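Input: a single structure, listed below in structure tokens.
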Amino acid sequence: MSRIGVFVCHCGMNIAKTVRIDDVVEFAGELPGVVVAEGYKFMCSTPGQELIQEKIKECNLDGVIVAACSPLMHEKTFRKVAEGAGLNQYLLTIVNIREQCSWVIEDEDEATSKAKALINGAVYRTHLLAPLESRFIDVNPEAMVVGGGIAGIQAALELAATGKKVYLVEKSPTIGGHMAQFDKTFPTLDCSACILTPKMDAVLQNPNIDLMTSCEVTEVKGFVGNFDVTVKQKARYVDHDKCNGCLSCMEKCPGRGLSEFDEGLDKRKSIYIPFPQAVPQKPVIDRETCIYFKKGKCRVCEQVCEQDAIDFEQEDTYRDITVGAIIAATGYGLMDTTPLVQYGYGKYPGVYNALEVERLFNSTGPTEGKVVMKDGKEPESIAILHCIGSRDTNYHEYCSRVCCMYALKFAHLFKEKTSADVYQLYIDMRCFGKGYEEFYNRLLEENVKFVRGKAARVTDVTVSPDEEGKLIVEVEDTLSSQFMRLPVDMVVLSPAMEAQADAGEVARTFNIGVDKDNFFREKHPKLDPLSTTTDGVFLAGACQGPKDIPDTVAQAIGAAAEALTIVGKEQLELEAATVYVDPYVCCGCQNCVRVCTYSAPSFDVEKNVSEINEALCKGCGLCAASCPTGAIIARHFTNDQFIGEMEGLMEF
Amino acid sequence: MEFEPKILGIACNWCTYTGADLAGTTRVQYPHNVRVARVMCSSRVNPAFIFRAFQLGSDGVLIGGCEPGDCHYSTGNYYARRRLAITKKILEFAGLEPERFRVEWISASDGIKFAEVVKEFTEEIRALGPQTKFKVKKDIET
Amino acid sequence: MKDIENRLKQEAKRLLESGEAEVVLAYGRGYDEKHPMPYAAKAVSDVDNIVFDEYCTFNMTRYLTEYPLGTKIAIAVKSCDSRTLIVLMQEEKVKREDIVILGIPYRDMIDSKTGKAIDNSTACNLPNPVLYDILLGDEVTERDDGSPYDVLKELEEMELDVRWEFWSKEFSKCIRCYACRKACPMCYCDPCFIDQSQPRWADKSPSLESNLMFHLTRFYHLAGRCIDCGECSRACPVDIPLHLFHKKVSKECEEMFDQVSGMSLDDKQVMVDFKMEDSDEILL
Amino acid sequence: MLKKIGLEKLNEFVSALIEKGTLFAPVKGDAGVDFQEIKNAGDVTLDFYNTLQSPKCVFFPQTDDMVRYRLKKETTDIEEISLDFEPRIAFGIRPCDVKSFEIMDKLFTRGGIVDPYWESRRKNTTIMGYAFDAVDPADFYGAFGIHAADTTGSDVFMVKGEKNLLLKAITEKGEKLLSSVDTLEDALEEDRKYFEERLKKGAELETRTLSLEGVAGKLRDMFGSPYWEKVAAPCLNCGVCTFVCPTCHCFDIQDETLFGEGTRRKIWDSCMFTDFTLEASGHNPRTQKSQRLRQRVNHKFSYYVTNFEVTSCVGCGRCTRSCPVNIDILTVVEEAVESV
Amino acid sequence: MHNPYRPIPVEITKIVTEVDTNDIKTFRLSFVNKEDEKNFKYIPGQFAELSIFGKGESPIGIASSPTQPGYIEFTVQKAGVLTSALHDLEEGTQIGIRGPLGNSWPIDYLEGKNIVIVGGGFAFTTLRSLVNYMLYEDNRSRFGNITVVYGARTPGLLIYKNELAAWEERDDIDMYVTVDKGDETWAGREGFVPTVCKEVGPSSENAVTVICGPPIMIRFTLPVFFDLGFSKENIITSLEMKMKCGIGKCGRCNVGEKYICKDGPVFSLAELDKLTPEY
């Protein structure tokens, strides 16, 4: 670019008070290629903008430098100004002589000379700039939500409400997730099923939602606006198109398996719906426990089914779906506490984990809502142990966030349903949510015994007669520095919420990152908590980290809104300052492919060169710096432009 | 005339450059010697840029990126950390004072840190004196 | 040594005959006894031309990237050469299944230009190849003569300015014939960054500064990839001890990232990899 | 005219030479002996067999500045490098290298346009040839009718005895130089005898050789032969051979600019480099290393012969000795010719 | 001493953007010193090195004819460092020029013969020089019939549009201007150059054809002329090669015994056959 205009802003006195504008303008005017240099009081004002536009036209400028405030402030403004005058917006360079000069340097000479150096750098750079064009791609208007827990349900409902078609993919035979297992929800204690079931039903009824249970995403290709997703429909051995949900098969089925829904505390049939309110109300056959599959004989279900819906020959099928955006709402897993042998889970029947307890309270659960132990007795004393595997550098350093609150909820329910003594063994009570502290205070008055200390051990080795037949919880009360042995009948562990066991694999499928705990990584922890590094893939709920229901729901709604910013548009504007590969220079080392977070580069083995999918590129330039030959050209931040800028910055 | 260091600063757009802006808006004063060029991410910095900067006569080079874990592009600064670390070792083994090259993680909210780093670095470079080892000797002296 | 030569010929013949290899990269005769040459045997009749002696210092992996991917190649490798193979495989420039590795367990090599033995001060000098399919002799078991980084001690202990004097004198000698990069099995870039015109990273005319730009950048490009075969220094007509700089960079990589290049096929190049727990102290 | 000087007084003599003009002479460095411009007489050595690089740098330096410029806003200030070079003395040049100057003259000063940089330096230079008495296995200068004590082309020819350096003026220019240096003594009869003996001995030394008969034509005929691929297989495509060669003359012209100031210079280039023939369009007529090796060999042994009736090689053996993979140009030509 | 590496100062007096893609411009240069103009004697087909300090040099064919005194013209496509820089310059700027260099169209050989000029796209520049040279009133009678077949991909890519129109008006030259694909403004011929050559079918009797164009065009045009009976001696073209010094020293454009810059760039097909196939 050889016809450059330099426009120096006074910013009232903000710049002019320490930077001698006239000096700077005169200096700029003398630089090679600069055909006009002008100062003005407020370049960003309408007259200032008009001045620039006039000069662009009058002097036929092919490059514009605005020396003013930070580019983060007004780069967009001045790009529009340039564009308005018919100059490509990328032929503009902002020089920051306010935040970088006048506001941080008192001495006039120093501020002025630094301003000159910065402008000189910009002139070198502007000589080497090239116009860039924005590009657009068509967007597929449909969306996919992966995971049918409360997060997925909520996100799907939100999107469907805007009229968008949504695929809701759930790997188990029903939607509802963990929330369906809960009895009450804190802190309001409303019944979980009462608030969840209507939503599940709404999903089923919504014509915009294509509900895909017993399904898993196996491959995601493409990019924002146009993801090509392959979904595996696992064989159910029941043709759901024919099945009318009469469930007579279930009644007659002689097979038995452990109920996943009841956390293995109860049994279910081999042809089953996971729980009475399951959606859809159509059964599946559990191949592992089905007598026909095991022994080759039975087929009772087939005989009773009037719809001819039973199909033992059914196989997994695959479906290709194109969507514009994806919401990952794959939820969490509860930590297996068996390895923490000191707590005796799996060893002592009296030790329960939190989800099992949820089922105990629930009227549809194994005990029909009665709090009785495996031996059928009501516990007389109960210890609820917090932070099992969380806030523990041996397992998970993070706080699992929900345990304090559900522990309080359990305590309340125990008190309500039994006459047992209830102990809370906690490290800190974390009751940060709306109404949470109040709930804690309420529990303080419900005669629950709070012991500040982390349980060290659960044992059945007794040392005194009153401990006989009890489980002993050893704990140091850190408030009184007293070592305690609490004899109880029931121990409730609050295991950490973990990333799903297959989170790493799922993350790879969706090409998103995971954090050190294997939870999906958000794009920015503060400012972009629902996006991922892959454009068009968003996060909702506990797959991103431990979360309670209110947060999950809020996030799901947010994720739906994020997805809508994509599927709500016909076209997407792609980043213009992306990278591209000069195939003549590429040496085929594939460094770019290895470093890119966004999988934008790929390698063409035939041609022995890398290629960039510019729809995926974010323009960070990591690959450009990794390229030994300089084949990767980072538009607007080319090696040439940067080296030029350095030369200009260092000249005077 | 007293030696005034000429220092090249390279700041990532999202954290350090924003942090420097914050130093400005809060009017924290710091030395004029660092001339900042903006890149989108510290991972854009090719070590050859650093060598080149010293050839161009920079007395020091300061690179600012997001705190590890805060990279706008999620992992850029982790790569940058490795590369810039090895760059520094190369400079040092070649015989250039390693103090002339500095990498700092400066978050967008850390205007004060930006100013402090610039202050400290400028003084360090001032004490080291002009960088003549890598600087290209020109044919015509003006 | 004659045994190695015979076994090399024997294996080369077998591989070419059976079609397991289309090419055998080994060593051949040069213009006199002290000057053997790299040799590519492509037919059984070529096998007679194969030699092996203490002057066969060439790292034959240098030639691998000249063949199209998928060519079945048998290659004679010594210790560091085998590490090159590993790096090239990590970088997917060659595929493990395409290469038959003929390991040479021999290390008393002599630089024909200087007449000096190649030892751990000029190369990695592991006694045996790290990776091979066929070992042409018994593993070398004797001798452990210290770390390949021992030779750096003197330079490391120099005052900064003295070290600068040392290197500036060395780099001033460079005539930019690019023998170093061309002899380097890792420098397969074509074109090299230094040949670019936009930007021109360094002047084409040799000078301390432009030479410095070339070499330092090249050292960086080799960081975590150099396997210390010493070919760069042996190729250099003006005897710049480039391998010392490479050794230093390798040493730093090893210390900072806990990885030695070319020792395991499972490793990733340290410069295109990271660990979140890399310490910020490496920047100090 | 035959003069002599005691070896112990060599420094004195060299100092006197420095007075007479810019002196290029062999200096011992880490990697071997090479020609340098001499500032201190003590740097000069006569204890060497061959230099690493050829003395072509005396007339054709690796970097030859032509114009300095300063870019201004509207104009460019230009300062041309003067072609009036100081008188030069090239000291201790091997006979085969002396021959190379004559070969290069043909290209640079004949056939129409004269290269003034070569020509001016050449005119202003007094060449002091130097006799050798041993042969390296890589040498083959005998093939070109040159011998180790060949005085052809030298202005002064030097023979080192046990105690003395004997200097004979071959040309008028040489005579003028020798007679202007008063540290020299007149040689005695025994010196004269020794000098002649050494010339004779030099002529008797045998190097590897090659018949040049028909080589140019044969090489030209076998342009398309697969031989080139075979022979180029070990080649690394570095430029050592061309840079050390006394008759390689390919160069590039580059503007090297920094901060708006720069120099237009001729810089040695090499036909062995990939980008040598790369065109702006991306087209490259020589992409294979076999093509480039063939170009180097053919240029010297065929094209040059066609154009200038002389082989552009003097058999100094430098390329062979410097080649990292021991490619020997003599063998390459021999086998090429045999393969026809 | 004459220094052939020294650029002669010239001033850009006129810039014409030739094509709608804006990447081909014609630069009219005037010598700063009258002396230089007198010494710069060229023949159509020769080239010169254009020089901008800081950017380097680039060999460009001379597009004007010596019969047009007072200036020389170069039509330059934006490609490398120098040509891009040149495209950024404005009228009034001073640059350098070295030349004239190379051989030329063989004017003596062409004399008295019928001339068929075949050009494609941007490669028409030195052909234009030749046409203008032959059309010059003092010269016209020295040559027989002049036929010009000139084509470009699109109407917007034809260069020298005004001149082409002026030539069309004349009756001492047969013009066949064609485009591969026309547009709404294009009323002229459509079709590829080789096809048009076939249609025109010039007699090989006492005729020479001079061809310049993209390799693909040349590849398909040559058989047409062979079929028409043109011998290899009578098909003449101009080579492009990476040139640097322009005076046969630097070795870059060396093809066999020849230096394209010194012994070329103009060769007949018969001469090309003798070159080693390396261009």
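We just call them A, B, C, D and E in the order they show up, numbering each chain from 1.
Just so it is clear, a residue touches a chain if its C-beta (ideal position, glycine included) is under 8 Å from a C-beta of that chain, and two chains touch if they have at least 3 such contacts.
Computed from a prediction, not measured in an experiment: that's the story for all the values here.
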Of all other chains, the one whose Cα centre sits farthest from chain E: A
Chain pair showing more contacts of the two, A-B and B-D: A-B
Chain centre separation in whole Å, for chain D relative to chain C (CA means): 32
Whole-Å separation of chain centres (CA-atom averages), chain D against chain E: 40
Chain centre separation in whole Å, for chain E relative to chain C (CA means): 50
Between chain C and chain B, distance of the C-alpha-averaged centres to the nearest whole Å: 34
Touching two or more other chains - residues of chain A: 595, 626, 639, 643, 647
Multi-chain contact sites of chain C, meaning residues that touch two or more partners: 190-191, 193, 198, 201, 207, 271-273, 276
Contacts with 2+ other chains: residues of chain B: 52, 56, 75, 79, 83, 136
In the complex with chain D, residue positions of chain E that touch it: 1-6, 53-57, 79-80, 83, 94, 240-242, 244-245, 247-252, 254-257, 262, 276-279
Chain B residues within the chain D interface of the complex: 56, 136, 138-140, 142
Residue ranges of chain C in contact with chain D within the complex: 28, 30-32, 35-40, 58, 62-63, 112-113, 173, 175-179, 181-183, 190-191, 195, 203-207, 231, 234-239
In the complex, chain B residues that touch chain C: 47-48, 51-52, 55, 68-69, 75, 78-79, 81-97, 102-103, 105, 133-137
Residues of chain A that touch chain C when the two form their complex: 516, 585, 587-591, 594-595, 605, 608, 626, 628-630, 639-640, 643-644
